[in-house]
Each structure stands twice: as structure tokens, then as C-alpha cells.
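What follows is chain A paired twice: with chain B in the first complex and chain C in the second.
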Partner chain A sequence: MRISEQKLFNNKAEGIGILLFLVLAVLPLVLGIIYALLYSLGVIGLVSDGFTFAYWQRALSDAEFWLSIGYTFYIALATIGLTIILSLFLSLYFRKELRHGLPGFAIYVPLAFPAIVVAFLFFQLLSQSGLFARIAFQLRLIADSSVFPELVNDPFGIGIIGAHTFMATPFFTLYFMNLYRQANLKEFRQVAESLGASAFEQLRRIVVPVLLKRAFPTLTLYTIFVMGSYEIPLILGRQTPQMMSVLVIRKLRRFSLSTIPEAYITAIVFIAIIIALLTVLFKSKNFSYDLDR
Partner chain B sequence: MVTPLKAEHISKSYGSEQVLDDLHLQLYSGETLSILGRSGCGKTTLLKILAGLEPADQGKVLVNDIDIQSLSPQAREVVYLYQEALLFPHLNVFENIAFGLRLRNRSEEEIKEHTLTMIDRLGLNGMNEKMPHQLSGGQQQRVSFGRALITNPSVLLLDEPFGSLDADTRSNMQQFFKNIAKQFDITAIFVTHNVKEAMLMGNRIATLANGSLSVFDSIDAFINSSNNVVQEEIAFWESVQARRSN
Partner chain C sequence: MISTGRARTFWVKVLIITLLFPVAYLLMLSLATQWIFPSVLPASLTLDRWSTLLGASNLFGSLLLSLGIALSVATISTFAGFFSSKHLAYHPQRSLWIRLSYFPFVLSPVIYAAVLYFYFIKLDLAGSFVGVILGQLLIAYPYSVILFSGFWSERIQQIEKLTQTLGGSRWQIYRRVLLPMAQGLLLVCFFQTFLISWFEYGLTTIIGVGKVQTLTLKVFQYINEANFYNAALASSLLVLPPIILLFFNRKYLFRQRW
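Moving on to the complex of A and B:
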């Protein structure tokens, strides 16, 4: 009888690849988290005074910290929600147009913009001294540029959501268009029609659920990406509330060294939330199944 | 008496290629008409036109004596079944079968009762919660049949429904269809390129070639016709018989 030995790696190249990934990508991350944890507990760092939970107590009782977490989730979910609506609309109603000619080219253009450029573009267009405010003033729609609605550096993060949506919509439009083809949705729609579904019912019961289910892992990962974004909320956000990434950097760079542990605590909590979210999602059968596909 | 399905002067071409040419067809209640034709002869196009899923260049399709194009999808009562089961991938067995009832806004109790009865009749007990990718090819086709039958359509259009199945499963499914056709008094068109399957499944047989449809009044009329496909099949089995005798 032949007993096959179970190997950790399929071949040497795979073993080296995984080892390099662990050393170059995972190890620095783990060391960074450990460093941040030790710093937040007062074990190491410039203000180290021995092991203490004082920084954690201070950070967790700070309203700004919780506001920042809520604000980060709000921005990410609003962005992804708007992106889904716009991308579905474009991919379902302009599918043919977006495959050829100028629209087909134009949809790719926003994908080439770095985040910082988009942030400045939105600032130049939407601020009270920006292009739209000037046009509105010239058209005598407003008496003074200060009357123009606050669309950037505003309390509701309109500018941040707008900029992120501008970047994400072309990507998800193209993604949904490809999924539509891959998932045989044209045939599924015909089956549904044959069973008595109107065009609206086909969208509601078949097309949209199938697209969202197949795109769920990518949508989730993009939501996490938005939660961790920095340049756009830095330029288009306001002092308070701030997204967690901006808050971390602000606390790290403050004149007072005592806020550094709080910055690390904010970062650790952010990482913990993301890891918890991913763990729950990866344990879900549907999520793993869709990733496999 | 109302005719479940009637097609008059149907023509369809793609560019310069004439796929269907002034075609006539009438289906009687409770019968299965097998349509035999080679790949690419226009069988699928014909079925899609009959189902109202594709417009004909000329002619009209009448379902229960009403022009199909004037009916909403729900009122057409003609269900088209593909070669693949094409079960909705995000719905489990129960929801796939219940799909047509949900479209018709039936009550939750009615949906549950009808769907569970159908699952039982399909021999799929205990599989309510399974997703399509967890089913075998034969099971998927059964669900596909159940999904079509639950709304009690006037006509079923079957486009080589067992074409992708292995020989054993195909044979089982042929018997399964015969049984449910009898049980539900189904009026159907069964498209295939397999002579044996056409004879096994149909009460009448038609052949589609060069855009024209020839309908035979009975299986015997088809066998006795000068149709090359039948003669080839008979000649083959006679040669097998002769070899065994020697």
C-alpha cells in the first residue's frame, strides 16, 4: 500500500514564494502592530513610563475617537452605496454605449487619476472659491461666493464621498459589465421573462441580486480600502470629525508627545475592526464560494 | 376549440441568411410535438420566436388564439426551457421552483404548499435548501422542469433539454418527462437532433431543414416517409442485426 505524504508546499518555488511573502509583507506588519501595542501600553516609546492602561482609558473615553470610527464607517458605506447605484445604472442602461467610441474611452479616464489629484480637482471645483461657485456668481445665482453651499470641508463629508465615488464608479461599472457577461445574465433574463418576469422584475429578482452577490467580496474589500484612505479625507475633510487614518496621523504629528500612544491605539482599533470584519466574512460560505468563482 | 399554440407565416433571417421561411405550425392540446433538425438549422430561433423572446421578421404566433406579442410576459403562458437547466444561481431549489409563483404575487402559504408538492413530485425531497451548484445535472434539469411547470403554462418549449446529460441520466430524464407530461397533461414542443429521442418523446414529429418545417401526422407517417435520417437509422440497425445473425 502506498501512503502519500502530505506536503506543506507543492514545490520549491511555491515554498520560496510564500516565505518571501511572509518575510517581506506579513512580518513587518506584525512587528508594526506589536510595536504599536507596546507603545500604547507605555512599555516602549519616548513617553514610556512603564506598563499602563492609562492611554487606552484616555483614548476610549475620548468622544472624538468614537466619532471618528462612526464617521469612517459612514463615509465608506455612503461611498459604496452611491457607487453601487451609479455603477449598476451605467452598466445596465449604457452597456452598449460604454463598449465603444468616446464613452468607452471616457469611462477609463477616472481610473488613471491618483487619489490626491482627484481630491484637488474636487476642491478646485466644489469649494466656495472654486469653479462652480464662480460660475454660479457670474450667473447671478448667488450674491456672494460664501453663500455657495459647503461641498468640501463640510460636516457631512460630501466632498470626500463625491471624490471616492468618482474614483470607484468607473471601476465598478466595468466590473459589473464583465460580471453580466460572465454570469450569463442575458440568458437568465430570458428564462425569467419566459417564466413571466417583466423587465423590472428581471432586474429586481435576477440581475441586481446576482451581480451584487458575485461582486460582494470586491465591494467589501473596496469598502475597507475607502475606510483606510488618507489623501482625499485629508484635503476634502474638516478638522472634526475626521476619518480614522487622518486622525491617526494628526495625533502622531502633534507637538505634544503624549498623543502618540493614542494614535497607535486608534490604528490598532482600526486594524482590529477590519480583521474582525474579514474573519466574519471569510467564515461565511457565500463569501468564500464567490471568491472561489 | 382553443388552440394552445399556432404559428402562421413565420419568417426570420440574420443578414442574408434565411433561417425560417414562411413557416406554419399548430399544436394540439396535451400533445408533444418533436422537432428534429441538425445543429444550426434554426430550431432555437423558432422556439424563441414561439416563446415571444425574439421577434419574427414576418408572421405571428397565437397562444390560445391571442397574438403573443400583445400579451405581457406573465400572460403568455409559454415557458421556454434551455439545453442547460439555467437555475438562478443565487436562489436555492425551493426559491427557484417558487420563482413563477412569487412573480404572480401568490400568498406565502400557497407558495409553500405548491412548491413543496412540486418538489415531492420531482423526487427532490430534502433538497429544498440546496443551491444549484450542489445538484447533479439530472437534478438541475428536474428543478428546471418544476420551475416551469409550477405556473401551469399552456405550452412548454423544450430546447434539447437533455443534450448536456450523460446517456444514463438522459434516459432517466426522458422517462421522467414522459411521466410528468402524462401527469400534468402537458402540451409541448420538444426540439432535438436525435432521431430516437424525437420518436420516444413526441406524439407527432416534424423536421426542420433549410428554413422549412415538415410536420408528420404520426410517428408511423414519419417512419414511412422518405426522410433520409430515418432510413439511415433503420439501415444502421438492420446492419447490426445482420452481423449478429451471421
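Moving on to the complex of A and C:
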């Protein structure tokens, strides 16, 4: 007698599940890239004159395009750098306090803020007529609002970096606290201490390297998230330089139709950067272990 | 030692004030009658703005619209993600599927919307309620797949096979075994996808063509009009539901959402 192993449900259910994924997650991305690519090559679109590399040549020779790429990386890396420093400090110095009571509740509150509200808030606090300028005026530190330093819509993206850091720091503080517990770092530190390591050496040689190594995938994903952010640079940024997401939409919405192909070229380059970063990330041991498990 | 303890307590208080101050500031601005430079505090407070909200104001309409979109996106993406992730997780190409699901999820929503806008126009979905829901699903659904992919372990598969061996139908396995076992994660996913939709601005403004006026669009509109008091009111409406959620369960808020 032949005993045949029954398959787990039938192929129809599996087919529907995977088809749903292809339709909602894969197909739109592929179609979007194809459309943007064809538009940028003059094959389709309102200004189409047939296949041409002219739009690519024009975009790649435009200083604003390269400045935008550099600015996007600068904002993302500055944000993630500041976030790492602040989150490590908070999670290591206030670890006990942040676990319960009011501090334990308060650290979660910024997670309830959408990006557009954080942008509005930072505009209200840091602008030249904002709350900090008013306090400075009342303390007679400034004689007029125009004397207050430009902290929003400034060339260095101080407001943008500040707003992103405000959003990211509580998350990474909690994340590092969780990792600290999961990695049994308390026990490691005790062993190191018994071997004569000072508190600073324990942090420098054990705690910080372990936390950063384990958090690498999440830190990379967050960097990508900051690179693609829109609301915060839209409200707190300036006309030049602009982050790539803001530049794409500005070029798409101009009255002149001639900038639309350049908008799609910027979008394609952005998508290519994200694909490259994700590919690197997928090769990370921590990440691939989770995927292949 | 005592002075170190006091300094520590002081810095903890500074930290609490820094973290809670934004909520207090938004509420105060939404209640202010007038708050112009160089006043550090508003001239007086009024409940008028909040009470008109309860009438048939535009803002109340936006609140209901945001709620409708967020609830739809959360419900559909949670269940569709749960169903799909099962088949993707047990598939021989699991690793490929999960990798692919990261791309739409981490891609800038506004850039994603920009390259997809043409198709939404062709499908007559641009500027519509359904179009915005579909647009947001393109981000929330892959997130849901990623979140559930860890749930489908070998142990779950064995339990499923056992139930099947004992005569359980597919529907019974879902209803009596899988859904109860995943209850906690389903709730986390529901609230997280709700928040993805609730917080969304860039994609909504492109796909909705500015016609689908969710609360986030209202905030931006008021900022543009320099009506900061109404912007603060709309912002408070956006922030309060997640803070209320925080009271019930912190894990619903603390998850990776990008």
C-alpha cells in the first residue's frame, strides 16, 4: 500500500497568497520604474519626441541634481550619527529610569508624532519668531527677531536634522535598551570588570561595539527612511539645496513640462541608491540570518 | 554621591519635560486666542476652536476621513499580509520574497507615488478615497508581510499539520488555531499599519491630488495659510489617538515603521 503525504492545503491557496504579493508589492514597483525610465528616455510623456538620452545628459550635467544627492546623504548621515550618540547616552546613562514610571512613559511620546507635526513643531520653536527666539528676546539676548540665528530653512539643514533626530532618538534609545538586555551585556560587563576593565573600557570595548553591530540593519533601514523623507525637508528646508524627494516633486509640479523627465531621472537614481543600499544590507550576517532562517 | 544622585534626578526631569513639552505646546497653541512675537505665553486661552471642531467643520470631516482610510488600510493589510506571509514564508524562495517586500516598504512613499501616479490616473483612482487606500496599501501591506514572516515557524507548521490530521478544515485551522495563536501580532500589525496610514502625507497628497483632505493634508494647508492655531489643532488631533494608544499598550507604538 502506498501512503501519499498530503500536501499542506492545496496549490490554489498558495498561488493566491503569492499572486497577491506580486500584485501589491512587486508589480507596482516594476511598473513604476518602467514608466519613469521610459519617460526619462523620451519614449512616452507629454513632451515626448522619441527616444533620446538628452534628458539624462541634461540632468547629469545639472549641479542641482548632484547637490541634491550629496545633501540627501549629508542629512541622513548627520541624523543617524547624532541619533546614535544621543540614544547610546540615554540608553546607557538612564537605563534604569527609562524602564518604568513617568520617564518610561515619556520616552514613548515622540513615537506618537507624525513627521508633518514634528516639522510644524520645529518650525514653531526654531524660526526667527518662534518660541526660542521669544525666550532669547525676553532674556535680552537678542534685540530683534531678525538677529536670531536661522535654524529653519537654513543652508545646513539644522532644522531638518534636529526634527529627524527628535523622531529617531526615542526609538533607538528603547531599541538599544532592548538589545542591551537581549545580549546579556550586564553579565559581560561584570566579567570584564572582574578582569580589571574600567567602566569606560567596558563601554568602549564591549557595550558600544555589540550594540552597534546588532543594530546595524535597523540603523541602515532608518538611514534609508531619512533619505526618503518628504514632509520635514519640505517645511524646514529651503529652495536650494533640496533633498531628492522634495526635488522630484518640485520638478514634477512646475508649470514647465520640460522638467518632468528630470524629475523621473532623480526618482530613478533615488530608487537605484535604495536598491544598492538594501543589497548591501541583505549581505549583512545579522540580516540574512533572519531572512534565510 | 548625594550630589550625583540629585544631578541625575535633575537630568531625568529635564528629559521628561523635553519629551512631553511638544504635546503641551501643541495643545496650548491650539487653545491660544493670540500668541504673537515677542510673547512667550499666549495672551489668553479659548475653547472656541475645539468646540467648533465638534460642529460640522471641515476639520471634523478630515478627522473622519483619516479614520476611515486608516481603519480600511489597517484591516486589509493586516489580513492580506497574514494570509500572504504564510505562503511566502513556507515557499522555497522565502528569502527572495522577504527581500522583495523590503523595497516598496522602505522606498520614499512620495517618490513611489510619483512614479505610480500615471497608473492611478489610468485606473481612474487618482483623487479618490479608494485610490488613496490602495496607494497606502502598497506600503502597509509589504510591512505587514515582513512583520508576520517571523511568525510562520516550523512549530506553527507542525501544529497546522496536526490539526489537519485530526480533521480540521482550512477554515477551522485559521479560525481555531492560527488566528488565536497570532492574536497579539495581529493587534500589533493592525495598530502599526493604522499608524502608517494615519501619519502618511506625501503619498496621500500625490495620489489624492489634494482632493482627499486627510488630517495631515489639513496640517500642511494651515501651515501654508499661516494659520498656526488651526495647524496646532489639527496636529493635536493627529497626535492624541497614538498617545491614547500608548496608555493601553506601549508595544503597539514601539515597532519599526520604515
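FYI, the second predicted complex is superposed on the first by the 268 of 293 C-alpha atoms of A that agree within 3 Å, B and C clash if a C-alpha of one lies under 4 Å from a C-alpha of the other, contacts with A are read in each partner's own complex, and residues count from 1 in each chain.
Everything below uses one rule, namely that contacts are C-beta pairs under 8 Å (C-beta built on N, C-alpha and C of every residue); 3 or more make two chains touch, one makes a residue touch a chain.
Remember, it's a predicted structure, so these values are computed and weren't measured experimentally.
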Exercise. Between chain B (first) and chain C (second), which does A:L67 come into contact with in this model arrangement: first, second, both, or neither?
Worked result: neither
Exercise. Between chain B (first) and chain C (second), which does A:P209 come into contact with in this model arrangement: first, second, both, or neither?
Worked result: first
For this session: Mind working out whether A:I107 is in touch with chain B, chain C, both or neither, as first, second, both or neither?
Result: second
Problem set entry | First, second, both or neither for A:L86, with chain B first and chain C second | neither
Problem set entry | Touched chain A residues, chain B compared with chain C | C
Exercise. Is A:A192 in contact with chain B, with chain C, with both, or with neither (first, second, both, neither)?
Worked result: first
For this session: Answer with first, second, both or neither: which of chain B and chain C does A:I33 touch in the superposed model?
Result: second
Exercise. After superposition on the shared chain, which partner residues are touched by A:I273: those of chain B (first), chain C (second), both, or neither?
Worked result: neither
Seminar exercise, completed: As the complex stands, chain B meets chain A at residues 48, 51, 53, 72-74, 76, 78-80, 82, 86, 88-90, 99-100, 102-104, 133, 147-148, 151
Exercise. Tell me, which parts of chain A touch chain C in their complex?
Worked result: 6, 8-9, 13-14, 16-18, 20-21, 24-26, 28-29, 31-33, 35-36, 90, 94, 97, 102-103, 105-118, 120-121, 123-125, 129, 131, 133-135, 137-138, 145, 170-171, 174, 218, 221-222, 224-225, 227-231, 235, 244-245, 248-249, 252, 263-264, 267, 270-271, 274-275, 278, 282, 288, 290-292
Seminar exercise, completed: Within their complex, chain C touches chain A through residues 8, 11-12, 15-16, 19-20, 22-23, 25-26, 29, 37-40, 80, 83-84, 86-88, 90-91, 94-95, 97-104, 106-112, 114-116, 118-119, 137-138, 141-142, 145, 150, 157, 160-161, 164, 170, 198-199, 201-202, 206, 216, 219-220, 223, 228, 231-232, 235, 238-239, 242-243, 245-246, 250, 253-254, 256, 258
Seminar exercise, completed: Within the complex, chain B is touched by chain A residues 183-184, 187-188, 190-198, 201, 205-206, 209-210, 213, 289
